[in-house]
Amino acid sequence: MKFGIVVFPGSNCDHDVYHVAKHVLGHEAAFLWHKDTSFAGIDCVVLPGGFAHGDYLRAGAIARFSPIMKAVEAFAARGGLVFGICNGFQVLSEAGLLPGALMCNAGLKYVCRDVFLRVERQDTPFTARIKQGTVLKLPVGHGEGCYYAPEEILKELEEKRQVVFRYCDAGGQVTADSNPNGSLRGIAGVCNARGNVLGLMPHPDRCAEEVLGNAQGRRLFDSIVYAWELARRQRI
Amino acid sequence: MKARVYVTLKRGVLDPQGKTVCASLHQLGYREVTDVRIGKCMEITLGGLPRREAEQRLKSMCEKLLANTVIEDYRFEIYEE
Amino acid sequence: MKARVYVTLKRGVLDPQGKTVCASLHQLGYREVTDVRIGKCMEITLGGLPRREAEQRLKSMCEKLLANTVIEDYRFEIYEE
Amino acid sequence: MTSEPQVTRELALAHGMTAEEYDRAVAALGRTPSYTELGIFSVMWSEHCSYKSSRIHLKRLPTEGPRLIQGPGENAGVVEIGDGIVAVFKMESHNHPSYVEPYQGAATGVGGILRDIFTMGARPIASLNSLRFGSLDHPRTRYLVGGVVSGIAGYGNSIGVPTVGGEIYFHPSYNGNILVNVFSLGIARRDKIHRGTAGGPGNPVIYVGSKTGRDGIHGASLLASSEFDAASETKRPTVQVGDPFTEKLLLEACLEVMKSPGVVVGIQDMGAAGLTCSTVEMAARAGTGMEIDLDRVPLREEGMTPYEIMLSESQERMLLVATPQTERRVREVFEKWDLDASIIGRVTDTGRVRVTSRGQVVADTPARALVDDAPRYKRPSARPPWQDGLAEPAPGSIKDISNGTKALVALSTSLNLCSREEVYTEYDHMVRSNTVVRPGSDAAIIRLKGTRYALALTVDCNARHCYLDPMEGARLAVAEAARNLACAGAVPLGTTDCLNFGNPEKPEVMWQFEQSIDGIAAACRALDTPIVGGNVSFYNETEGKGIHPTPTIAMVGFLVDVKGAITQWFKREGDLVFLLGDAHGSLGGSEYLALLHQRESGRPQGVDLERERALHDLVRGARDTGLVASAHDCSEGGLAFALLECCITGPQGAVGAEIKLEGKGRLDELLFGEAPTRVIVSAPAECRARLEQMAHTASVPVSLIGRAGGPRLSITAGGGTVVDLELAPARTAWRAALAGHLKG
């Protein structure tokens, strides 16, 4: 399978995702330059972490207008897998591909540390190999990760089960203490209604190898590969 | 021609920065302060457009880029230097 | 009583945000924009002080906390709701 | 064109030059300098740029080694790692600007050191910092801490270079002069290293990056070259605002353009003294000259004079020399990254830097003279009379303790010893996904993708030791840094230093400086870790009060296999705990004396460098044989505090220990006395015999002092329990303490 990694000016984790896709998973990977208007032969588009356009004005606000984003939108509309990690999530929400907004952390500071996440559903391509209710340990690294949406949107998200990950404690309880940024309802990751676009604040790309002391992030990437293969087999 | 654009958090959206500044002001002894809300203020210089058109253009800049209307309100004023 | 405090970067101080937003507006086709400077605007609610005193207090809040006078200028206006 | 002021001796003095220096400039030119030339001479010969007080002493530092590829003299040092890969690193101070505006001062400090690294063709992959602040009861301290930490985070996080370690200390001597020392390391292919030379007369000189503004005119150079006083507030130039986004683009564009060989002839960042320093130094290094036209310099503001353009310290700019054949390629790449690239001149063979503006020559100075003929001073130095008074026998009249639990808790929650988590969680320490050991162990470890190699990084200095005994303090700092690397399983590759001192015109400060240099030199020689570059920051004085001498040492170590990485915390219940090295510590200069008895006195225990080295070899050797589960350097806070750290610093929670110490004499000295050359290791029980055997062979004292496990740390000595501590709450308190102190 082939991952396409969007490079915005200011993307920092583009190489990290590339490394996971290519050297850890052993799949193909290509960078997609933000000024390009199209791409082909890509099975999953990843919008990586970083500070696109310096995150000036608002995180993701300027990047969403990059020429490549039209192509990403079209790709998503065709059912293609789109995965926004951290800054990528911020770009997707600014672009309206995902609901809500990511605001300044409640603690006002950038925060880099491990958090626990509860997987809220298994029936997405990004969690296909992870049982619902599983607690994962992943690192966060962001200054604007506080998820916000108006009450009626939150309701809708819950009804349609679009909340895929929530911050929790080691035992899986969603508590205020385990929430690193003040996100409403502990939301760490949401998908679109169709389930093919996911935004996630924590970084699976930073914990996909044993040498880094934690390989749990790999489970998301393995899920993507698994779901893609399943879909391909069904197509045949 | 210049414009001042004010972007503020919508009512009801929590403003942790404002809260913190308010608390710091209290600490410094400014007990009379009861609330602080923090927003952005942008000063935009624009080339000569008729005022009406400038207004329309500014509105669309705000909607598209300068404000995120999920969480923010905006207003602007146009003035000549 | 309320006050609006505007904190802006001093003339000559680089404004990376403004520069980047300006470039982005150009890309979006707003070629008429020639400059953008981004500052903060704070809405402060204060308990009943005589106006003169409120002015003094606000000035000192700005100098002490709200603005960093090494790189920023400030101004404020007081109004009743 | 505005006419420029007439240059006089008085004007030169107002520029911070001495009368002799001015005469020297006149002699170098053979005439009275123009106003712009005066500006150029004054910055190039400032303390910050010319090292005029330190140069003759820096020569004593060891700058050679089998792995050393580039020592001092370039933008950063280079050492060989293996397989054609090199590490490029350096440390710089940004003390004065950070005191004036902590956020931007620290941020632009990070920006500057990163440019020094990627200028060399290396991709920065890790940063460190070493910070010193005044006491918490100083009204500015909390503001400064918040600003500096956020500034480092703001810049480093945004540009995507992980900040993997550092140190923070508080002491009243820094009340008016904080220290912000930033270190960065990059890696490159050995054959892709670039240097700051302007070779090839005729070649185009290209300006890339941000536009030039009026910020920081005479900034870093002058600010850092004289004492601080109330007047600096008004004299102060506009503070520079950092733009990490532009720097990120600059980084990517520079590395891209340097990837193909031969495109870039030479490249240098514009740091202190901006365009002046970069043109002059590049020409001087190559023995060439340069002609530049200021009309082609991209400007941010209108009406800038030649003087202002030459002296501006606007950030995020570089000067690059290409060839007539490659200049198009350079422009293409910078255009791709939306950056300005403007040909502002050519390399010449005249040996002079000639600057024109609107068709007129505004400066025409010899390049070499500005660099090589810069004044050099052997300033008077003298051991201050008060120095002896500090050495009073340490414990003196202090009453010994009968139980150490309370003191241990006090130390572990004290401002200088509590967990730094509150700070380092604000730094992205994981971006680039190489961080194998995060902040919080003796040294950080990063792996090198595509190889089995890893690097260990640490930065150390105990300024109290340096104050009490500058020579020994410097030796101790180097020894501690090397010990930290050994405890991580690494061999030192090289060292960079940042020498922070007071006013060099004071003989006592100069004495401290000279002593420190000799201490560093001796220790680096003995421990085989050459100095690859560094920085000197003098004039850290406010109204006559200087800082403790603070020669910060940053050291880089090498692991052939990342699997050999060691961390400091106990891993398993039942592992045996050993002390390698001498059991005895001294209260002289200890944290215990300072914190609990408000005394900064006594002699820090000196280091025997041969024994130190044997200890490091032993730790690494034992690791290679699979005999260590953890290794921890035993420094501030003594044996008891080091043991506590072994128990509570692990990310998974506390692992207790039962410890039995032998020792006669004072209990406080036994528990909290400090000494170099000591490491606490834990190892599985079956390893005991072999570990002891290895230690004996290496002539390193070894004692089995206990066993890991349980929820408590208990220490017995002389038959009684002297420490008994429940670890879960102790760990929580240790972790939360810094936030508490800073909240006030």
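As written, the chain order gives the labels A, B, C and D, with residue 1 at the start of each chain.
Throughout what follows, contacts are C-beta pairs under 8 Å (C-beta built on N, C-alpha and C of every residue); 3 or more make two chains touch, one makes a residue touch a chain.
If you're wondering where the values come from, they're calculated on a predicted model, not measured in any experiment.
Trainee: Could you name all chains that are in contact with subunit B and with subunit C at the same time?
Mentor: Expected: A.
Trainee: With contacts counted as defined, which of the two, A-C or A-D, has more C-beta pairs across the interface?
Mentor: Per the contact counts, A-D leads.
Trainee: Report the inter-centroid distance (CA atoms only) between subunit C and subunit D in whole Å.
Mentor: Centres of subunit C and subunit D (C-alpha means) sit 36 Å apart.
Trainee: Give, as an integer number of Å, the spacing between the C-alpha centres of subunit B and subunit A.
Mentor: Centre-to-centre distance between subunit A and subunit B: 30 Å.
Trainee: Scan subunit B for residues touching two or more other chains and write them down.
Mentor: Residues 64-66.
Trainee: Residue numbers in subunit A touching 2 or more other chains?
Mentor: If we look for residues of subunit A contacting two or more partner chains, we find 53-54, 56-57, 62, 65.
Trainee: Can you list the residues of subunit D that touch 2 or more other chains?
Mentor: Counting only residues that touch two or more other chains, subunit D contributes 243, 245-246, 338.
Trainee: Have a look at which chains touch which and call the overall pattern line, ring, star, complete or other.
Mentor: Graph shape here is other: it fits none of the named patterns.
Trainee: With touch defined as at the start, can you tell me which subunit A residues reach subunit B in the complex?
Mentor: Per the stated touch rule, the residues are 57-58, 61-62, 65, 94, 100-101, 103-108, 146, 148-150, 182.
Trainee: Would you pull the subunit C residues touching subunit A in the complex into a rising list?
Mentor: 16-17, 20-21, 24, 27-28, 38
Trainee: So in the complex, which bits of subunit C are touching subunit B?
Mentor: 6, 8, 18, 21, 24-25, 28, 30-47, 49, 54, 57, 61, 64-66
Trainee: Which subunit D residues qualify as touching subunit C in the complex?
Mentor: Subunit D residues touching subunit C: 100-101, 103-104, 210, 213-215, 236, 238-243, 245-246, 300-301, 314-315, 338.
Trainee: Given the complex with subunit D, which residues does subunit A contribute to the contact?
Mentor: 9-10, 12-13, 15-16, 19-20, 23, 49-51, 53-56, 109-114, 139, 141, 143, 203, 205-206, 208-209, 211-213
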